[in-house]
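All chains are identified by letter, namely A, B, C, D, E and F, in their written order; residue positions are counted from 1 within each chain.
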Amino acid sequence: MSDDSVQADLLDDAQRRFPVPDYEELPADIQERLDEETDRAGFTPNVMSALAYKPSHFRAFLDFHDAFVDDTTLDREEVEMIIVAVSGRNNCLYCNVAHGALVRIYANDPHLADQLTSNHRTADVTDERMAMLEVAVKLTEEPDAVTSDDLALLLEAGYSEEEVWDIGMVAAFFNFSNRMATFADWRPNEEFYTMGR
Amino acid sequence: MSDDSVQADLLDDAQRRFPVPDYEELPADIQERLDEETDRAGFTPNVMSALAYKPSHFRAFLDFHDAFVDDTTLDREEVEMIIVAVSGRNNCLYCNVAHGALVRIYANDPHLADQLTSNHRTADVTDERMAMLEVAVKLTEEPDAVTSDDLALLLEAGYSEEEVWDIGMVAAFFNFSNRMATFADWRPNEEFYTMGR
Amino acid sequence: MSDDSVQADLLDDAQRRFPVPDYEELPADIQERLDEETDRAGFTPNVMSALAYKPSHFRAFLDFHDAFVDDTTLDREEVEMIIVAVSGRNNCLYCNVAHGALVRIYANDPHLADQLTSNHRTADVTDERMAMLEVAVKLTEEPDAVTSDDLALLLEAGYSEEEVWDIGMVAAFFNFSNRMATFADWRPNEEFYTMGR
Amino acid sequence: MSDDSVQADLLDDAQRRFPVPDYEELPADIQERLDEETDRAGFTPNVMSALAYKPSHFRAFLDFHDAFVDDTTLDREEVEMIIVAVSGRNNCLYCNVAHGALVRIYANDPHLADQLTSNHRTADVTDERMAMLEVAVKLTEEPDAVTSDDLALLLEAGYSEEEVWDIGMVAAFFNFSNRMATFADWRPNEEFYTMGR
Amino acid sequence: MSDDSVQADLLDDAQRRFPVPDYEELPADIQERLDEETDRAGFTPNVMSALAYKPSHFRAFLDFHDAFVDDTTLDREEVEMIIVAVSGRNNCLYCNVAHGALVRIYANDPHLADQLTSNHRTADVTDERMAMLEVAVKLTEEPDAVTSDDLALLLEAGYSEEEVWDIGMVAAFFNFSNRMATFADWRPNEEFYTMGR
Amino acid sequence: MSDDSVQADLLDDAQRRFPVPDYEELPADIQERLDEETDRAGFTPNVMSALAYKPSHFRAFLDFHDAFVDDTTLDREEVEMIIVAVSGRNNCLYCNVAHGALVRIYANDPHLADQLTSNHRTADVTDERMAMLEVAVKLTEEPDAVTSDDLALLLEAGYSEEEVWDIGMVAAFFNFSNRMATFADWRPNEEFYTMGR
C-alpha cells in the first residue's frame, strides 16, 4: 500500500471481460498512481482499475495521458473535446461518459458533451475548434484520406505546428483507447454520468 | 550524445508533415534509445526519428512497444501478424512496410506480409492464428460489434486470458499508430521494403 | 389562445434553420396541444415549437407519436429504448437528449440512455429487449438486409405479432424524425439534459 | 361498408410478413379512405391494405401523405422525384415501383423513374431539381453531414424557405416509409409496374 | 459496310462523355457485329455504339459476353438475374434497364427485374437461385469476405463446379461493366425501358 | 503442344478453389499463349494457369489485357499504377503482388507498388498521375459518384480523350479481375514477390 492518505477502491465491475486485480497485489507504483487519481477524482476511475490488469500497459497508457494533458499548449478543454468527438464516432460507452464529464467540467458547459458525442457539427464551439474537430473526426473515420490540406486548415485556424501534432496524436490515440474499452467492456463509474451537468 | 558506439542517423524525410529534430538537440535518454535501435536494426527506423519530434510522446510510444514485445506470451510473429493485418485495413504505408519486414523475419515467411496487408483471409496460417486475425480486424473495422463471443473464440482457439487481452491491446494500439503515421506522413526506411524477402 | 391554464412558451432557439412561429398566430388546435404538452412536461419541448412551423406536419407527427405510446402493448420504456438506440446510430442530438431523458424516466435507470446512444450492445437490458434493439438497429443501418428471420427472432423472444409490427414502426419512424431534427437543427431544451439522472 | 360506389379490394399478398385485414372488419373511416383511393387509382394500393393492419398508424401515415401532396408549393412531380431518389438509395421495392409509377405520370416522363432509382445523377432534370435531389440523397445516406450550407444551396436554386422544409420532410419521411415497407415486405401492385411507361 | 440486310444505327446519345463513332468509319468486323445485334434486337443497343469508340475494347467485351451466354450450362435467365442484381447494387442505369429487359424476357416474368434492381432479397425465385444471388451480391459489395464457404453453398444448392465458376465470372465482370457504363454515361435505348413488361 | 521451345508449367496451387487444368489437354491456342507468356516471364503466371480452366474466358481476358497494354498511348507504368491502386482498394492478393512487380519494373521504382497498394495518396508520382489515380480509386469505391467533372480533371491534367477512356476501362476492368482472383483464390507466383525490388 502507498503512503497516500486516500486509498484506491477498484470496483469488480470496472471491466466485464477481464478480472479486476486486487489492490493489495499490485506493484507499489501502480498503487501510488491509483491512490493519487482516487484522491483527485474522489473515486477510482474504472479505466485505471481495468488497466491495472497488466501493469506494463497501465504505465504506458498513463504516460500518454499525462503527456496529452501536461505537455501541450492546447487548452485542456480542447483535448477533452477531441476525445469526446472521436469517442462518439467510435460508439465507445466508457469514453463518452467519462470524458464527457471532463469536457463539461473543463469547458464549463453542461451541454457540450452530448453535442459532441451525438454529432460534433451541432456543438456550440468557435470556428477554430470546429476545424480541429473536423480533422479529428476525419482521421477517425477515413484516416487514409487525411492530407496535408487538412493540416494546413488547422494552421490557418491559428494552431501552432506542435498543437497540430498534438491534435493528431490525441485523436489517433483515442482510436486505440475506444477500441480497448469496447474490447474489455470497461464500464463508466456512476459518478461520471452526472459530473458537471 | 550517448556513449553508444553506434549513433542514430535521423533522416530528414522520415516524416513529411513535421520536421525531424536534430539528434544533437535531443534529450540524452532519447538519444540513447535511438542509438540502441540503430545498433539493433542497422539503421534508424523512421518512426523513431519522427516521434523524436516530441520526446514525451516518444517515450510513451516506445514503452507500449516494449510491453507488446517483451511482456507477453504471444509469439513475436503473432504480434507482428496482428499489426500487419490491422495496418492493411487502415491503409497505412509505414506500418505495412516496416512491420511487413518484421513479420517476414519473425515468421520466417517471405510471403506472409503481402498476404496480410492484402487480405488476412488469404494468409497461410493456422486456424488458431486466423481466429486471432479475424478478431483483430473486426476490432479495427467495426469495434462496437465486438462482443464476448469474439473473445470466447480466442479462448477456444487456445489463447490464454492474458493473451486475449494482449491481442486486443495490440490490435487497438495500431489503430492509433496507423492514424498518426498517416497524419504525419511517416515514410518507411528503404531497408524495410526488402528485409526478409 | 387555448383555455388551458398553462400556456406554451416557444423558444426562438428551438430550431436554427427555420423560424419558430409566434404562439399567437398558430391555429387553435396547435395552441391547445402545445399547452397540454407544456403542462405535462413543465416546459414546451422544442420539437413541438419546431414542428409548429407547419401545422399540417405538426398534426400528423403528433398523431404518430400518440399512436406509438398509446396504441401499443409495448412498455413505454421499450418504445423509448428503441428510439434512443436508433437515434444514437443516426447521430441525432435532439432525439438522443430528449428521448434519452424519457428512457431514464420510464425505465427508472439513470445510465440506460448513455448506454443506448453509445452502443446498444453495452446496455443492461434483458435478452428479450436486446433482441428488440438488435432488429431496430439493423433496420436503421442496413434496412434491405432485414429478413423474415429477424422478425422470427422477435416472436421467439416473446413479442406478439402486433408488437413486432410496432417495433418496426417505431424504429422506422425515428429514421424520419432523426433526419428532420438534423435537417432543421432542432435543439434540445436544457431541461432534457438532466431529467432522470 | 362506406357509401362509396367503388369498394376497396385488399389483396392477401399486399404484405408478406403481417396479415392483411378483412375490409369488413375495418373502421368506417378506414373503409372510406380505402374506397376513395381505390376509386382514384382503379385498384387498392397495397401500402393501404398493409397499413390497415393498424388503423392508428394508417391514419397518421395518410395524414402525412396528404400534407406532402396537398400542403406544399412543390410540384407534385418534385415530391415524387424526391421519394423515388430516396427509395432507390434505400433499396425499397415497394416505393421504387409504386412511386416510380407516380413520377412517370406526374413528370410525364417514361424514363425518369428508372434513372432516379438507379442513380439520381443520371436523371434528365433541371439544375434546380438536381440540387434538390442531391440534398435529399445526402440526408438519406449521411444525415449528420447535412449542414446549413446544403439548405443554402436549395435557397439559391430558387426554392422558398417552406419548400426547403418540405424537401427535408419528404426525404426524411421516406426513410421511414422505405424501412417499414422492407420490414413488413410490402409488395407493389402489378399495375404500378407498367403505369406511365 | 457489311452485307447484312439490316444496318446498325448508332445513336449520338448512346454515351454522353465520349463521342459515338460513325458507322461508316468502323472496321468491317465491328460493322458486322453491330448489324447482327441490330438485326436480333430490332435496334442497335447503345452499349455497342458506345464500345465502338474503341474497337479493341469492343471485341474483347463482346467475346466475354458471348462466352457468358453461349459457353455455360447456367440458364440464360440465371445469367441475366446475376447481372441485374449486381447492377442494382452498383447503381448502374444502363445495366439496370437493358439487362432488366433481358431478365424479364428470359425469365418470362414482368416483375423480376424491378425486384432484383431494388433488393434481390425480395425476388420471387427458388432457393437455389437466391443462393446464387447472395454470393453474386457479396462478391460485389465485400469481395475480400468471400470464402470457400460461399462457394460450397453454391455446390450444395446444386450448381456444378463450372457453374460456380461462371457465377463468379458473371458477377465479377459486371462490376467492370457497371463502372464503365457510369464512367462514360452510357444511356439505355428507349426500347429497353418497356421490353417484356 | 505448341512449337515454342519453352513450355508452360501450370502450378497446381495457381488457384485454390478450382482445379488447374493439365497443359496437355488444353486447346492449341491456349497452349501457345501460355508458352509465350512463360517464355517472356521466365515462369507461367498463375493467372493464366487459373484462367485456362475455361478457354473461352481465358481468350477474352487476354484480349482485354493485350488491348490495355498495346492499344493505348498511356505509358505502361501508368496502366500498372492504375491496376495496383485499384487492387489495393479491393484487397486483392494476386493483383497486388503480380501487378506490384510490374509497376516496380515499368516505373523502375522499387517502392511505388507498396505505396500504391497501401494508399495511393502516399505515392511519389506527378500531379498528373495522382489525378489519374484519384479518379481510378473513386470509380472503384463509389462508382455512381463519378461525374463529368472527374473526367474534366483528367483532361486538364493533360490526358487525351482516348486516354481518359483507357483510364476508365483499366480501372473498371480490374474491379472484375480483383473479384475473380478473390473468388477463385488465385495465388501469386513466388517470383512476383521479389521482382523489381
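Throughout what follows, a contact is a pair of C-beta atoms (placed from the backbone, for glycine too) under 8 Å apart; a residue touches a chain by one contact, two chains touch by 3 or more.
All values derive from a computational prediction rather than experimental measurement.
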- Task: Mind listing the chains that sit against subunit A and also against subunit C?
- Result: B, D
- Which chain's mean C-alpha position is the greatest distance from subunit E's? A
- Query: C-E or B-F: which has the larger count of contacting C-beta pairs?
  - Reply: B-F
- Could you check if the interface between copies subunit C and subunit D is built from the same residues on both sides, meaning over half shared, or from different ones? same
- Inter-centroid spacing, subunit C versus subunit B (mean Cα positions, whole Å): 45
- Round to the nearest whole Å and give the separation of the Cα centres of subunit C and subunit F. 52
- Residue numbers in subunit A touching two or more further chains are 91-92, 119, 144, 182, 185
- Name the shape of the chain contact graph, picking from line, ring, star, complete and other. other
- Note on the structure: Those chain pairs meeting the touch criterion are A-B, A-C, A-D, A-F, B-C, B-E, B-F, C-D, C-E, D-E, D-F, E-F
- Message: Help me check something: in the complex, which residues belonging to subunit F touch subunit A?
- Response: 119, 121
- Quick one: which bits of subunit F touch subunit B in the complex? Just the residue numbers, please. 88, 91-93, 96-97, 100, 110-111, 114-115, 117-119, 122, 182, 185, 188, 190, 193-194, 197
- Item | Parts of subunit A lying in touch with subunit B, wherever the complex brings them together | 16-18, 53-54, 56-57, 59-61, 63-64, 66-67, 70-71, 90-92, 139-140, 143-144, 146, 148, 151, 161-162, 165-166, 168-169, 171-173, 175-180, 182-185
- Item | Residue ranges of subunit F touching subunit D (in the complex, touch as defined) | 144-145, 147
